[in-house]
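Input: structures, listed below.
Here chain A shows up in two complexes: once beside chain B, once beside chain C.
Up next is the complex of A and B:
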């Protein structure tokens, strides 16, 4: 204990690796006292909200999809929802189901990438997936195969996974035919054995023990399904607000050390993402996903942020099951090709245009994502606001770090750094998205 | 045979083009087998402190810090490959150059905007010499393989300097202009196999303009279909705003 009291620790991780985007971790412990514990977002800001001003609402999906290469489909879905809300367009039942399928693929693809390529190397004690190619070839091949399957389904559904082509405000510019439905069905059914193997592998992984209860936020609704595409915004502290009132939830503020904006609701910080969603809506998961949770002794409410990776695994099982269900629905009922849309910049006035203020709120892989556009009567964007899941999580991650560090001061600087890196990676941060985030810098040596 | 040392670096971008690599599936292992991948921050913690044979650059240059960083990478690299629209033509980041930089910083970050320095968006070749270009937002995987093969063999890669329309016709799509909406296919570099139009959307010009765009023909089309010039110019600015900086260099 004596040694601990006088300890000086300086963690300085510049450009944290195996996360999407650029961020630093800076920790300064002087004489055993935690002086500084920050997650710095150093991503070059890209100013999407400012650039949208003056552009057509019908260009918003194409542009905002480019905010993030990993969650391009989630940005697309939030964008088209916001645009339709502003224009007063109600999506058809078919459009909604196809969008749910797209979001299932997005979450599955992103979670697989995170579990296998970004998180697993830490748990297996290597620096990246590259050494695993030689030591665990079957595992790496499986990961790449599963990821490719999600991509192949997206290729059929929307042209490609990264920056989807045919999912636009109003509906779809290309719709799957019977043979496309069969191809997607066969691809996803073929993924089942790999999913079973993924569950077996993930159940063997040991996660660090650490608990800090926080407020968990995500979409909630009164329907029977696990809410990902639509709903109100709910929290574990009992808040429930309409998506139009998202600013009452996010309450953004700026801090000097970060180009991301910070968020808080009922307490000093809140968390979004797979762990938050399973805490809020566990009972709505499919039976297979609940069985996996049971096998992992994962019993919500869960307060260990490292277990976000387990929550992701549970959601993978759910999304695969759910997506197959959607495709089977269409195999039975058929696709109404007459709903095909041709919009462009709405030159032919196929969609009604009016002044409006619309909000889109969807569950991206990393948590609730908001897009908000205000348009004039010509459909030109006057104001735009995009609030990204990681931006909401950063404040919560810092509070986790501050809670974690004092308890592990007896460990080496290297061990502390790894524990912090793993913590941040568990949130699967998407920094280029939040562009408004990671490298660990230990200061003050 | 010593495998070439290859590194990926990212600047201002969505990192989607890097992910296009992960999306190769098991074929990725064949690519990794033919090179020595020494740095790739998004998926690797390993770092390399010597020279690179090929540096693959994703993203645009948008801060003074990035200007210095790309120059250092250039100094340590035999070959620089600009990878994806943000790197090759500035891409969507270029839209920023339509605005007063102080105004956009203030719009996004409010009174504390001064914490967020930014400069005019530049494509990579507008700061350092570039040896190979892979266009597209995102990059078209078959083209990336062709360019990478050329770079590994040390031979030039010729980007087709014809319009997207050429590939679009071969794919038997009905022309968007005939369907009543505007499309940038006539002035945009081919090589993507008219990806977006095949899926019912329009061309947004993400691959950059052909060297000699058929301006008169484009004007005829604009007149024939009664399209406002302002609308088309704005469309050009979505990906191609940074070309102004090339013109400044020439003059």
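Up next is the complex of A and C:
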């Protein structure tokens, strides 16, 4: 295997798969010195905010759920939160619990896919998930079985396995009945053996050793629960702001080499996602999740971004436990069917409408997601702003890369490339939902 | 009735003589010719005798267990494709000939799903591809592609004896 030329490196490595969207990693080492190390995002804007202008705030969640097929529920929830905030509507306790259940399912679904499809192949030393069909036949079927369970629960809860239709501003247009609760409970209890097997598998994986301390950002609250749906925005550097002030957190800025905006807070960059959440709120995880963390010797604060996959595993255990708890609560207390709402576009003025400016902030699988709508007195959206987690993470990934590369220049081209690919993949970035490839290119003189 | 489909394609499309046949239709109707499979699904009656129609949209991974639960003896997966043919040309091929598509949490390779169905359902799996002209967001379906989807719909309807 050829070793890297430390003084002048010029290598082109054709595409990295298992990343959503189109971006390039460009590394330039000259005379053994790192001159450039960029994550270039070259996706075109998708103009969802422009699509929202002129539309009713009561249909915003149906439009924005299409931003992403994996985070459709999180977009829906951020959207209805923003709408309710703008309209001055306070969701009921039942609505909040059911929304938490929906978000649990999405995080579980997304994390399972990332652990099995994207991370495991690297850590098992195979090129992709496909060879695992022959070498690990039970693994692939387990992943699909777990995904199906999440999809089936979403189907029962919100009418579709993706792009929910019954979750609206103010509540739900369809509420589960006793038999639905039993079905969901049975499905999730049936998932437990697969979750145990997933933990066993993931605990065998070996992750690269690399640390870079950064600022971790996510929802925080003063209550006992692990905050995924509600709370203020907090950071590991001690910042805490109300979600209305999300722009004081994101501080978006642009760079020449990327079509995506960058974000920073107290430092040069910050991270959102499972690693950030577990760093901020570890004590609020369920006991089973903490046991898995202990077995993985995962002790926050964790500064190794590769361990985001372990953080996702921990959250999977938490979300499964938490979702079963929500369903059992409703099995015991019942669902108040009188809370069912049929609003449509509010043609019958079921909900009071006023001009407003509302913000929704929820923890999507990849991190904190913001929706902000400004509406007129008819509930028509005048301005919209959506900030997705990956847009906040890109700057941090780039700083991770800059910190990682100098320490591995003695590695082969292949090893450096794999380390960079795995680093990017560890964040499970959703660069865009119109995906192509990520090229890794080393430049030299 | 001459549908303009090759004998090989007809054989792939026609349901099994005994036992259940599952038709899995794939595509994204927002992307022009890519919506061919979904268009076919939307123009077929719901499940009929031993025929199961599964509109999988653009997420083939979600239908794996649905197909298994149907216990088919034959599965026909129909999707838009680009095999450098003439727009609207219909071909059948083995999943082993599919490239290993790029994978992310947002996409699951059809090759894997087809192989798993074949192994776990123990049934024959046929892939039927319709050559696209344009799969751009918001573009209309090409006339040649639409003509082929009509031929496939008629072929399946004839086998259902509901024409």
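Note that in this section the second predicted complex is superposed on the first by the 424 of 445 C-alpha atoms of A that agree within 3 Å, B and C clash if a C-alpha of one lies under 4 Å from a C-alpha of the other, contacts with A are read in each partner's own complex, and residues count from 1 in each chain.
The rule is simple: a contact is a pair of C-beta atoms (placed from the backbone, for glycine too) under 8 Å apart; a residue touches a chain by one contact, two chains touch by 3 or more.
This structure is a prediction, so every number in the text was calculated from the model and none was measured.
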Superposed partners chain B and chain C on chain A - clash or fit: clash
Partner chain in contact with A:114 - chain B first, chain C second, else both or neither: second
Touched partner set for A:428, first chain B, second chain C, both or neither: second
Partner, of chain C and chain B, that touches more residues belonging to chain A: B
Partner chain in contact with A:141 - chain B first, chain C second, else both or neither: both
Chain B versus chain C as contact partner of A:174, first or second or both or neither: first
Which superposed partner A:49 touches (first chain B, second chain C, both, neither): first
First (chain B), second (chain C), both or neither touched by A:128: both
Which superposed partner A:158 touches (first chain B, second chain C, both, neither): first
Touched partner set for A:342, first chain B, second chain C, both or neither: first
Against chain C, colliding segment of chain B, chosen among 27-35, 99-107 or 171-179: 27-35
Chain A positions touched by chain B in one structure and by chain C in the second: 15, 17-20, 68-70, 113, 117-118, 128-130, 133, 140-141, 144-145, 147-148, 151, 161-162, 433
Touching residues (chain side chain B, partner chain A) in the complex: 10-20, 22-26, 28-29, 32, 37, 40-46, 62-63, 66, 91-93, 95-96, 98-99, 103-105, 107-110, 112, 115-116, 118, 137-138, 176, 179-183, 195-196, 198-202, 204, 227, 231, 234-235, 238
Of chain A, residues touching chain B in the complex: 15, 17-22, 43-47, 49-51, 53-55, 59, 62-63, 66-70, 72, 113, 117-118, 121, 127-130, 133, 140-141, 144-145, 147-148, 151, 158-163, 165-166, 168, 172-174, 254, 256, 259, 261, 340-345, 347-348, 432-433, 436
Chain A residues touching chain C - in the complex, by the definition given at the top: 15, 17-20, 68-70, 110, 113-114, 117-118, 128-130, 133, 140-141, 144-145, 147-148, 151, 161-162, 428, 430, 433-435, 437
Footprint of chain A on chain C - complex, ascending: 58-59, 61-62, 64-65, 100, 102-109, 111-112, 115-116, 120, 137
